[in-house]
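Listed next: structures, encoded as structure tokens.
You will see two complexes here that share chain A, one where it goes with chain B and one where it goes with chain C.
On to the complex of A and B.
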């Protein structure tokens, strides 16, 4: 086995792993709070990435009829600001989604939440396609991504973008841990996800805490989408595959464990790079297959995943 | 959702006279359509109509048995590829090829369901969404069945028998007959199934698994059986697509096709047969309405009006909105106010008529 090639493949997985881990983190936050998935997480992130594209590209015909870009001052924005804009948009739209749609589903069966989030997925995807077209668009790289921007380790290249994505992820996790363990809203969030009824009795505003959770998740999703938009072209369905990888990552790590999401993201990304390389049947097109099989196996054999808590049901 | 042991559920195994006459009426209306439409429009209509069977399949698994399936487009695809394979490679006559395609989809449902159906609720939704995303790339890996990246033509055509005449319209007519016949058969089968002991078991499993198990229902058999049956129905929809249009391609079964089938099934209404009929009606009517809209307001070009031109947007929005407003879908929308209005309006005619009769009656 060629060791340099293996190392190169490991390094290639690093970038995707960071992206999957970020989106899985977003999914886990919502799962912890509500016990449900937000299937529209990927499309919400894509929409936010398009918003940052709008901020980047400056006044261009938008919405085939007229232009609203003129309303945004100082466009085009530099890329860090545009990414920040997308994250802010994600935060606001996430909170709004929770307030307008999700809060009405509290006492409804699980299938209602599947219907609403799948409906949201279809709507947002169609809306993005309608506003910006279905063709792929070039999105500038957030971190230096030129042909020479890499470290040579053992003959294999570790690109700066991969390092950047992982640094971002680490900072994100650090901030998340600080937020959850050291602040009052974090305490409220943990109390709510442990026992909602008694948290409510202790005076925690459940609605506001939930909305904050959704805002946080959507913000992280928006960040993941803007970071990955350079490697896959920016197009309405770009996060659909990423969503499945991230769902697999979240499942693998344990659906309610942020640590699991990060580890799961890396495992899934490794399987995506390594399995097609060494198993001829699983070509690049089928790189989803190992992740999906792992997800199914984990759900069947150990639903709690690697780091999740066992669900004990009381009869 | 109705209660588990609904004693009032009809016990007879055949649909009532009203249902039969309704179905026959709809069939006759559809058969009279060639008077108004040319063969291409007819074909497009029949393509949407064929999806009725897939919607019925989603309804059977999700609506009656509580198994959320977001990936039924995959079974439609398997049915289509199977039928094409039996037609071309095995040279079977078309009824046998359709049966083969349906059987293939049913077996696929069984094989996927056996592990996946050990999951419940939202986790099953997760796995079936993964199936929906996986199907297109997976199908491309088997070009002998699916035609690979470019798709493939099916050599065997289904042409009209001699007595119907020949030519394109006669062929389309004949194919439409096959589709309508299949839809009626599917409707009858599902009607009988859900009103049988099986159907009651399925609803019991949906409403309370533990209670159902206590009553001696074998959960695994009921769930897997219902899922395989619904996969076979979706496969029949795929077979009908091959009957209508002799071409198969993995690109016809994307994630969004699967999700649209699910969306339309939910929009129509889960757990009632009326819901599936309303669902396919929405699937047929919405694009027509859009083309009408875009042609009637030609002069006015509003970007927001353009947004209505996207099917996925309309269905996705309706799915979100209906789940919040009418969880039972269109079938559960309360029609009482309309009926009341109708009775009042027509009641006035009735009163006038009685008055006139009394006034001018010579007896």
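On to the complex of A and C.
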């Protein structure tokens, strides 16, 4: 076996792993808050990435929304600010989505919310295509991504963008853990996700806490989309595959565990790179297969996932 | 004549199409312990849930003269109501100490730690288990936690829904001693739903008996204790 090649394949998985982990983190937050998946998480993120694109380019002929964005001071913005803009847009639109749409489904059966978030996925996808077309657009790299921007380890290249994505992810997880474990809103969120009726009986405003959860998740999703837009090109369906991989990652890690989302994201990305490379009958086109199979196995063998909470409540 | 903390008049409550309370009238005065008795399914839990707007209600509910019947649950709690629900309301996946901190969620003063210490002293078993997941506590321990958690908000009015449920007799005695002390020393007002009528009436000032959604009987605790109907139905005499 060519060790350098193996190392290179591992390094290649790092970037995707970070992106899957980030979106999985967003899915996990919503799952903890509501016990449901937000299937539109990826498309919401894509939309935010397009907003970021507008902020980067400013008013241009044939670019819808450009003139609106042009009213914002300083536009066109440099890339770090534009990423921040996408995150802010994600936060605001995430909270708005919860308030306007999701809250109405609170007391409806699970299937209603599944249908609505899938509906939202399709609608946002179509809206994005309608507004900005289906062609891929160049989106600048957030971290240095030139031909020489990498570390050489054992003959294999670990790109700065991969390192950047993981640093971002680790800081994100750290902040998230601090937020959840050390702050009052975090305590409210954990209380709500453990026992909603009881949380309300302690004065916790459920609506506000839910909206905050959606805001947080959408902000993280927006970050994931802007970080990956350079490598996949910005286009309406860019997060669709990512969503599938992230669903697998979240399931694998345990639907309610941030740590699980991160580890799950990496495992899924590794399986996507390594399995087609070393298992003869799985071609590159089937790179989704190992992730889906792992997800299935986890659901059958250990539904709580690698790091998820198993029920401990006594009656 | 002491001030009325809670006044409920012509309270109707329902779960969807099922109407459970059909016009209750009662009140709780400052510093009192008021007990609600009734058979299973009479509507005792629903009465407490109505006060916190956890089911559909009609009629008027006032807390210190303010109408709370159109407020949200969280807002009512913030007005000084503590609620120990039937079923304990444990945050099973969180530690005992986090459970207590949730109890103090509405507070912003710096006396929280002192209160935690106080309830730990009152319920030493909780102190021993402070970092354990609350879901792994025994039923009785969870009941103590529920009481301590509700007290963490320093309520003016504490609603207790069958706090003795599932507790060993000795623990029940301790718990009621504690509650009585809170009432006498801290002047905490309580509205208590209890199956253990003897114990409840012995610490109560006033009582109501609910039968199928209506007040069937009311009176001072002493009067109820000697009432033949109450004795037959709830005191096993």
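Here is the rule we go by: the second predicted complex is superposed on the first by the 302 of 315 C-alpha atoms of A that agree within 3 Å, B and C clash if a C-alpha of one lies under 4 Å from a C-alpha of the other, contacts with A are read in each partner's own complex, and residues count from 1 in each chain.
Everything that follows uses one rule, which is that contacts are C-beta pairs under 8 Å (C-beta built on N, C-alpha and C of every residue); 3 or more make two chains touch, one makes a residue touch a chain.
For clarity, every value in this text was computed on a predicted model and none was experimentally measured.
With both structures placed on the common chain, the touch criterion links A:8 to neither chain B nor chain C.
By the touch criterion defined above, A:188 lies against chain C but remains apart from chain B after alignment on the C-alpha atoms of chain A.
Of the two partner chains placed by superposition, A:271 touches none, neither chain B nor chain C. By the touch criterion defined above, A:309 reaches chain C but does not reach chain B. Among chain B and chain C, the chain that touches a larger number of residues in chain A is B.
Contact with chain C, but none with chain B, is seen for A:206 once the two complexes are overlaid on the shared chain. When the two complexes are overlaid on their common chain A, residue A:198 makes contact with chain C while staying clear of chain B. Residue overlap on chain A between the chain B contacts of one complex and the chain C contacts of the other covers 315. On chain B, the positions that touch chain A within their shared complex are 1, 62, 66, 68, 70, 115-116, 118-119, 121-123, 125-127, 129-131, 133-134, 137-138, 140-141, 210, 255-256, 259-260, 262-263, 266, 301-303, 306-307, 309-313, 315-324, 327. Those residues of chain A whose C-beta lies close enough to touch chain B in the complex are 35-37, 39, 63-66, 101, 104-105, 108-116, 118-127, 129-130, 237, 240-241, 244, 247-248, 251, 281, 283, 285-286, 288-289, 292, 295-296, 299-300, 303, 315. Note for the complex: chain C touches chain A at residues 52, 54, 72-74, 77-78, 83, 85, 89-94, 98, 101-103, 105-106, 133, 135-139, 142, 149, 153.
Of all residues in chain A, only 184, 187-188, 190-191, 194-195, 197-206, 309, 311-315 touch chain C in the complex they form.
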